[in-house]
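Here subunit A shows up in two complexes: once beside subunit B, once beside subunit C.
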Partner chain A sequence: MKNEALLEVKNLRTYFHTEAGLVKSVDGVSFRVEKGKTLGIVGESGCGKSITSLSIMQLVETPPGKIEGGEILFEGENLLNKTEDEMREIRGKKIAMIFQEPMTSLNPVYTIGKQITEALLLHEKISKHEAKARALEMLKLVRIPLPEKRFNEYPHQLSGGMRQRVMIAMSLSCNPQLLICDEPTTALDVTIQAQILELINELKEKTGSSVIMITHDLGVISEVADDVMVMYAGKVVEQASTDEIFENPLHPYTVGLMNCIPKLNSDVDTLPTIKGMVPSFDNMPKGCAFCPRCSMAKKICEQKAPELVDVDGRKVRCFRYTKEWKEEA
Partner chain B sequence: MVSYISKRIVQTAVVLLGISLVTFLLLQVVPGDPVALMLDRRADPATIAAVRHQLGLDLPLPQQYLNFVNGVIHLDLGNSYFTKAPVFASLFRAFQVTLKLASLSFLFAIVLGISCGMIAALYRGKWLDSSLMTLSIIGVSAPSFWIAIILQIIFGLKLNLLPISGFDTPIAYILPSIALGTRYAGSIARITRTSMLDVIKQDYIRTARAKGAKRRAVIIHHALKNAMIPIITLVGTELGNMLTGSMLIEKVFSIPGIGKLAVDSMSNRDLPLLEGTVMYIALVFVVVNLLVDISYAFIDPRIRYGKGAAS
Partner chain C sequence: MELEKKTLGEPILKVVHLKKWFGGKSSLFSSKKEYIKAVDDVSFELNAGETLGVVGESGCGKSTMGRSVLRLIEPTAGEITFEGKDLMKLGGKELRKVRSKMQIIFQDPYASLNPRMTIGEVIAEPLEIQLHLSKEEIRNQVLKTMETVGLNTKYYNRYPHEFSGGQRQRIGIARAIVLQPDIIVCDEPVSALDVSIQAQVINLLRELQKKMGMAYLFISHDLSVIKHISDRIIVMYLGHIVETATKEDLYSRPLHPYTTALLSAIPIPDRKAKREKIILEGDLPSPADPPSGCVFHTRCYRAQPICSEKKPEFKDYGNGHCCACHFCNCENEEEKAE
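Take a look at the complex of A and B:
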């Protein structure tokens, strides 16, 4: 804990009260984001990574969703104690967010310019004219060609990559301390993906802001993240630095994810997968949530849910690193 | 934008020409001879033939059609067989009355419908939503003449606040406008709610909230404009319906509008008046549709620029 934490989430629990029952989308998640660093959150669809980020912004639809407990400390203040008006001051100004679908995340009936200046006019005491100048500057910063022309265009006139650049320009326009990127490159071509990641990295360096990068793609993590948190079924299963996790993944799920990355020099017809699916909320195993898909599972994994344990300064939620494992021969 | 609008105007003209042909042909095959109705039953064949000649009904059909179209273009729709008054003048007089009634009930329906629909969408699942939607169902299903009579009894006879018939003072239009507008307000409220709920789920609404915009500002600026397309489609049809007159409401409140004119012309086999009325109704719907299409383009840039503009 050498650096100062910008964001510290402690035991966050966000549940959804649906007609079919209670869904624990985020179930006791804790992590910290240091100033100027990037935290990667990895996991399959439905593991709770997006809900975690929406919880930080307090944009979870209530009902059915509800933040049931925990703390979200941003610059030392608990965001969960803020009023809606205070949260509005933080959204877009101190914490900004980029979403997965650049196609649908921009409003189709307003020009790019109007949508970028909206954030500026909300948070900064500047005139429309100054806001336009700032917006053009931002468009140049994210390397959009012909910014003056693009300023008056509508989202449908731009390509997917351009739209995501606009989203980035929009979210960075008020110089936020924390940028949350929810799968920012998933909907884009591979080449565009690389450009966008490079851009996010570069702007992060320039502005000194912290980033939370949510993705299911370990390749993205290896490029941008300093630390990694692996989530499974609403819980953290492993936390470590990016180097550590790529060198030596501890949790069988992380190992499985690593094995799923195709290697250039291997000559196989079928790509490796993790067998089975994320368990649905009404079919959650009694023991470890990953147990039904785990090739190393023992009896104890079916009976008890593992706790997050410390292993050499890293955290992992698996019985393999506990005394019980060795006792059960 | 300009090319889009001019294209739509040309299409409109073609549609009107088609309607005039269909109207003309349909009225030829309608049973009943207008001349026989006009004259005494004992009129001799020579008189009938003379009258037919005088009205141009003995000409070949294509010639009759051309005369009709020529008249329409010169705003000359002939004279009524019965009152002998020019059809255009009668139509125009009835139109002025209907226009007042339609504008008032349109305003009533839009303001009430859109605001109720938005409130219901914002309070989805709450008691306010359910009660507004129950009211809208009642509004949509209750027959307009029934509402008219109830309004007359309550506000006219019991409370003695508003006149129950007539068309010469502005307050005389209040009850008929409400009676006519209630049904439309109900359906506008329902489509507004559905459309708003659909738009509120969209990603760009979340983006706007993530920027720190107020919930109310997000609803009004980001959601409503996107939700307008289905609402405008419905509102356009309803405006057409209102402008072409409501026979029932006009009957209950004794208002001499287009509805009454249409009924009279039909029961009298008054061909010129009937042709004129049908052409008027067609014109109203075509023009309203044109306006609806043009307003789409103002609301949604994707329509304005067409498919080819997306890169």
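Take a look at the complex of A and C:
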């Protein structure tokens, strides 16, 4: 029996109507996030992982972007039916988000304290005094030294790692049930990255919230995620538990991704590569989007787009796991 | 015949006591000048045909060092000897001539190419400046180089914005190798690329090195990439070299506590490899006001009173494995043995 889902996304489609044509950034994506668990979303730039998270928050700029269809069930309610006012109640309070660039996602003209208390005063019925006390508590929780002093400082006075910790303090201040982290450590150094990942894991255990971790770094996924979803060209190509996916990746793209990163524990002369590059939206292959780069592709891959199929309780979008594949051979 | 004079493994570049201090403004109330010591007393040798990796976190001075070596940034002090000549004493024409043997590849393939020049012009520019060739010769040379780096020659008249990040980096590489240099400084050449493209570019750099025999000074913050590509590695912290060793030694037997922590902090894409992580406290101190004694002592989990008082010596622990620490892993072992 599966655990209770906090968030369930069904067949989400977010398209961008640009002058150059229609871009299907997110094309029929479905997944669920269970209570207290971490879902990792992996993929390269342009695969639609960030647009998926922005769609959940309904922060996709319209126009050119538009959520064309699907359902986003949060605690059983479809967020797509909410009004803007209702969404504002949810953003920051129930679902919070941490962005990649701690330098640009803080407002440079307000103090740290003002920015953290802003969310608190907006969502909770508390006095300014109480809000300040809560904010200081949060700053302590994310281990910012001298919180009283930092409270009155501006973002430019803090280092990158500190700013990201302020962002985490801010997003956790209202105890959200879901925390979306969009490449939270990509702009940070390894030693600082280790601090931040440890912090997110620790806070998750303490508050019982669920996390969506969006990253291109499989190392980060392996350390924090319970389940993984791999995206390619707007579609989910593989979904499985983190253990399964590292033990036995099924989709050729997942296999390629894992092989092409240099490993610390093995030495090779030439790195295995995935040939070519991600197709551009105006030049999408007719069949499987990964087919032109795939080393195992057959005729059928060029002609038809594969569906997401079940393989031993896992999901993978590849013909290799279908009857048609065997027939062609 | 070029290959004869630079035998593999012999030092071709020697850097001694290199310093780069920025600033030097005196504050309003005191006449004492404040410097940002981005690179502070760095010495190393680069051997012909090898890859020397330089690793460290942002602000450790690795990029400044790479550029100072080419004198793209004017060093404050030090000696840079290349093929027997002291670069610091060269000027104008002579320096330009030497630079044809020393090239650089930048991190950002979007920013390092002139958007108004075609690919052909970008790659031809070094040839026009350095060699007196006819238009026809230049064109042939450019086309040949484009093939070497895996660029389709039909793109000769295209502009950089028409290319993806990986292809732009190939253009940058073509520009660097067109003069057949002896040294290329690679300043985070794959950091801005997607993982699947990163592997392609790394392989290309290795292949070119095998074919043309140049040495790389490879700067990166990514320890896995550094391990893959380097023969020897320098670890930098706050403008200083804290450890140098061969790749094998550094990864299997790190001596400095900073290197040890750095290695333990890398997330490994392997669920079974559970390791004990050393999480360093705090952030990098400001290079304008570096800590006294050992620069790392403010974040070090092994720090003792002596660390804030005395600067540790950069000692050789055998096989060229050097480390600057009062309590490095080697010293500990000796203590235990006693």
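Criterion: the second predicted complex is superposed on the first by the 321 of 329 C-alpha atoms of A that agree within 3 Å, B and C clash if a C-alpha of one lies under 4 Å from a C-alpha of the other, contacts with A are read in each partner's own complex, and residues count from 1 in each chain.
We take it that a contact is a pair of C-beta atoms (placed from the backbone, for glycine too) under 8 Å apart; a residue touches a chain by one contact, two chains touch by 3 or more.
Source: prediction; values computed, not measured.
Once the two complexes are laid over each other on the shared chain, residue contacts for A:Gly92 go to subunit B alone; subunit C is not touched.
Of the two partner chains placed around the shared chain by superposition, subunit C is the only one that A:Asp243 touches, whereas subunit B remains out of contact. Contact with subunit B, but none with subunit C, is seen for A:Met57 once the two complexes are overlaid on the shared chain.
When the two complexes are overlaid on their common chain A, residue A:Ser159 makes contact with subunit B and with subunit C alike.
Between subunit B and subunit C, more residues of subunit A are touched by C.
Using the contact criterion defined above for the overlaid structures, shared-chain residue A:Lys263 touches subunit C, although it does not reach subunit B. Of the two partner chains placed around the shared chain by superposition, neither subunit B nor subunit C is touched by A:Leu22.
When the two structures are aligned on the shared chain, A:Met296 is found in touch with neither subunit B nor subunit C. In the superposition on chain A, A:Ser105 makes contact with subunit B only, not with subunit C. With the contact threshold set out at the top, residues 159 of subunit A are in contact with subunit B in one structure and with subunit C in the other. The part of subunit B that touches subunit A in the complex is made up of residues 125, 202-204, 206-215, 222, 225-226, 299-302, 305, 309-311. For subunit A in complex with subunit C, the touching residues are 44-45, 145, 159-162, 189-195, 197-198, 216-223, 242-243, 246-247, 256-258, 260-265, 267-275, 277-278. For subunit C in complex with subunit A, the residues that touch the partner chain are 57-58, 164, 166, 194-200, 202-203, 206, 221, 223-225, 227-229, 251, 261-263, 265-271, 273, 277, 279-280, 282-284.
Those residues of subunit A that touch subunit B in the complex are listed here as 57, 59, 63, 84, 88-93, 96-97, 99, 101, 104-110, 118-119, 122-123, 154, 156-159, 167, 170-171.
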